[in-house]
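Below is a structure I'd like to ask you about.
First chain written, first letter: the chains are A, B, C and D, and each begins at residue 1.
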């Protein structure tokens, strides 16, 4: 079973991703992992922290001669900002004079709930872990998972479909998303340049006013075979597992699968894919479409679009 | 750790819910469990199956003298329809002449994906488990969980906020939801009678046209203390665990926490609760509201509304 | 992943075994499961309870037309003695006058520790679950697992190698163990009739004196391929998983793998199997033996003998 | 829930221990962790590797100002020998000329089974992880667990009771074991100097002859309260969990709890502790002893001695 966990705080020495269950013999493209980390750091309007860190994956275990060897893969990502915090926030007891506690919890964060939970005198103990920087380790783990999926002919892409009031007015094609993800110019990761300009204006506005703004991103899995997931146990259903993983991300407040929210307002005849048969394959028709899709029949799970809704962050 | 799993098929002998990890000594209100099963079976427009089954929880283990004894609680719910299926769908090999396979998979269901996955000659082997009836066992397990929460002063309520194009035009209060859940007249489980009439009309329409319709329900947890959940590990975050459980339900295609989808279109200043302090307690202010809430400070996790979006079912 | 859990108490309505993760399409030999339950009930010196119960596996879910269908398999085993206990130990509150508490905890049992843990006024709440009868549900789950292994060409056998001071003076062959397990006459499940007579005398002695006696049984897995298990994670190592499962059985107080305890007194040269090579296969030689074994090379894990030590029961 | 996992290979850059679920606010005694690592490296007859490595725990996360902060604790232990292996065994593809494969699998190790499992051309990919050095990371994780137990008034000690044919001829007292564990002179970790001399002679013999020798160590948990563990689920029983953890250690081939193996040869009357009562406490009497023990009654689980049997290593 593929498992991963992460460790590390925002201003600690490093972040750690520990991935177990990868098969032995998988090619590990180190540049791909670093490129995924680089992609995470792009985006218009990101905070000053992004200019300090230039993340690199340092593989500590589980890989030899460019391939996995069956043992757990552990990846270290250095926090370059750490050296500025070794006196304020040391591992050892340290000098109490140098300790500057965060006594004023921020709204929209775990600061207050975490401090009450553990009776902390310093919200920094909470915010160090309840930080968007933790997702860096998830990106490294996700990059390993993508390498495994790629070896199985499955690709994963993502793009931004909404920033505040600006929404991409059309459905993006897989080719567009793939080209966007492979490109080197990432502004707001939107497939449509005109929409992206409007999104940028939305971000410009909140930067000027000192506010923040929410948004929506879509993740598409391309090439997954039908039958992944199961109807046998609630804890093994693919929809639930995907929602678990995505909703556990900092600041994500909603997850939808396929048509998701829209389905709630719709008739079944507009939501359910018709099933067609041809001599070559069973084909699934998109509702309201005359042409059969090119995906194999029964790929409801497989070709499903995973769309996640990202709420506002400060 | 509280765990539950379910077993049983739609036209098998029974459904089983197995719950482990409940503390010993918990009062088990058998009528409450049956009432929860009864509530699941209400609702305008439900299929003919609901008239056949009148679910009763039969406790097989884990309870003595009206209290849990620390051992796993197992609950059996009989399928009354089973006696009509013992020849068509027996556990033993049976008479092949009596076997009537479902050869035509239904859209919007797991029939085709499941049959391809297991190379089944009969989609019935899939649809027997990938059935809304499985949720009966979850309701029984959930009733046990509610008894535990109640002993801790925490209540859970739910109501329907949308059916197709008809949406409840206001936020329901906890008292409204609680009264609705305790009442004996369940039409569409909407707190507002006028809206409920419109919802009923929406269902009438699909019943006449042979279509189906989606909807949205909201689950509210009342009285939870701040600090439940954790920021430590992605797999333990409360938002993710809730999304996992809810998205694993048949036909659910979207889950949002708190403002959820709306947050994606909003400025941070409108989404983040302000934190206030008074001599008695730290208070959390609803954005845009002058009065502090009555919940304890830092109850972002605790008083959060869990809203789930239910997609169309046939 | 194959998982199983059990529920049910010694004098409750029934025992439940819930097995998930079995592949769909597996032939389910109902007679085999019942035979395994019958074997569990044999043995010289067993208590009076064995004459009351004649266990039968009643499959509630997961099997149709004699094959698994991918959904969880649940098996119910009735407690025939239950009808004598419905007034003394009811699920509902019942008549307090009829409640006869066990106030005197037995040595060598969980009675006292369990009662202190939960502050129970009645040790019966503990002993109902902390009972050898729970292993009935494990035998049913184990029978399903054996059916899966059998489909993969792997067989599991067991026999008794010690009762008190009487020990089987030689290593039993796989053929002997297999024949013993397939036979219908089970006295003390020893492959050697003369030794079994001595074992019977040992049991006769404790029956006369009102005492009890310990013993040792050996489990042999035959035909397992090399490479099962892993060195990657401590929680996935096969030796550990086997020890976990076996030591969790009531009254088992020691587990050894292969030579086990004896290895601790031995030189490495006598414990480590030599590895030999031939044109057909790599062969593993038993230490001190000239002939290579017939098992494939590297089958250290696979052909390993699992020997468990059963301590005294009352 | 307390969880731990490890990563790292014998000649890789480092070992990693990742521990999650520790409560926030626990004092972390860094010297204690290093002392535990130092104790692991002592012992007469250890290989040359022990002279190269002088293990130090480097805490990467989860601790600030000398206390846990609720987030996962990750600990790095450097492999000093790594620098000698960066060309032979690099993470990246490296120079194929410098790759020296291990083509001759060693008996008594995972080399052959692992190579067959993954079809490896080089047994080094197996032996790097299936190595006693992995236990270094477990010692670091175990040290964290001991700090938690200590805060709860529970202590853990261990000593060697057998090396080959030499066995400690008496039961060691807790005070002896504790004093031994706190001392700075570790030869073979035996409480009795005369026996230890004989053990040393046994090791001297195998060193001269190029052989290896097995042994037995005992782990004692002191001060645990009764009621830890449970009879509810097989996978939660304390005996099973302990056996799982210990048997997963490299080279351990047998585990016994309490009297363990000896119980199998004994009458129940000699194995079961009598339960006595006094005005102050319920007392458990050791079989055959007149004086009651000083442990609280019902502490069968709590005061139980965990004795593990360590088989021969090369």
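Keep in mind that, in the parts below, contacts are C-beta pairs under 8 Å (C-beta built on N, C-alpha and C of every residue); 3 or more make two chains touch, one makes a residue touch a chain.
Everything quoted here is computed from the prediction, not taken from an experiment.
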item: Between the pairs C-D and A-C, the one where more C-beta pairs touch; value: C-D
item: Per Cα centroids, the chain farthest from chain D; value: B
item: Intercentroid distance (Cα basis), chain D paired with chain C, Å; value: 27
item: Separation of chain A from chain D, taking each centre as the mean of its C-alpha atoms, in whole Å; value: 38
item: Chain A and chain C: spacing of chain centres that average the CA atoms, whole Å; value: 45
item: Junction residues of chain C - those touching two or more other chains; value: 5-6, 20, 70-72, 114, 117-118, 126, 129, 231-233
item: Complex contact set, residues of chain C against chain D; value: 5-6, 105, 107-108, 110, 112-118, 126, 129-130, 134, 138, 162, 164-165, 206, 211-216, 226-227, 231-235, 237, 239-249, 252-261, 263-269, 271-275, 282, 297-302, 309-314
item: Contact set on chain B toward chain C in their complex; value: 5-9, 12-16, 18, 20, 24-25, 30, 59-66, 69-74, 76, 89-94, 99, 114, 117-120, 125-126, 128-129
item: Chain C to chain A touching residues, read off their complex; value: 1, 20-21, 70-72, 230-233
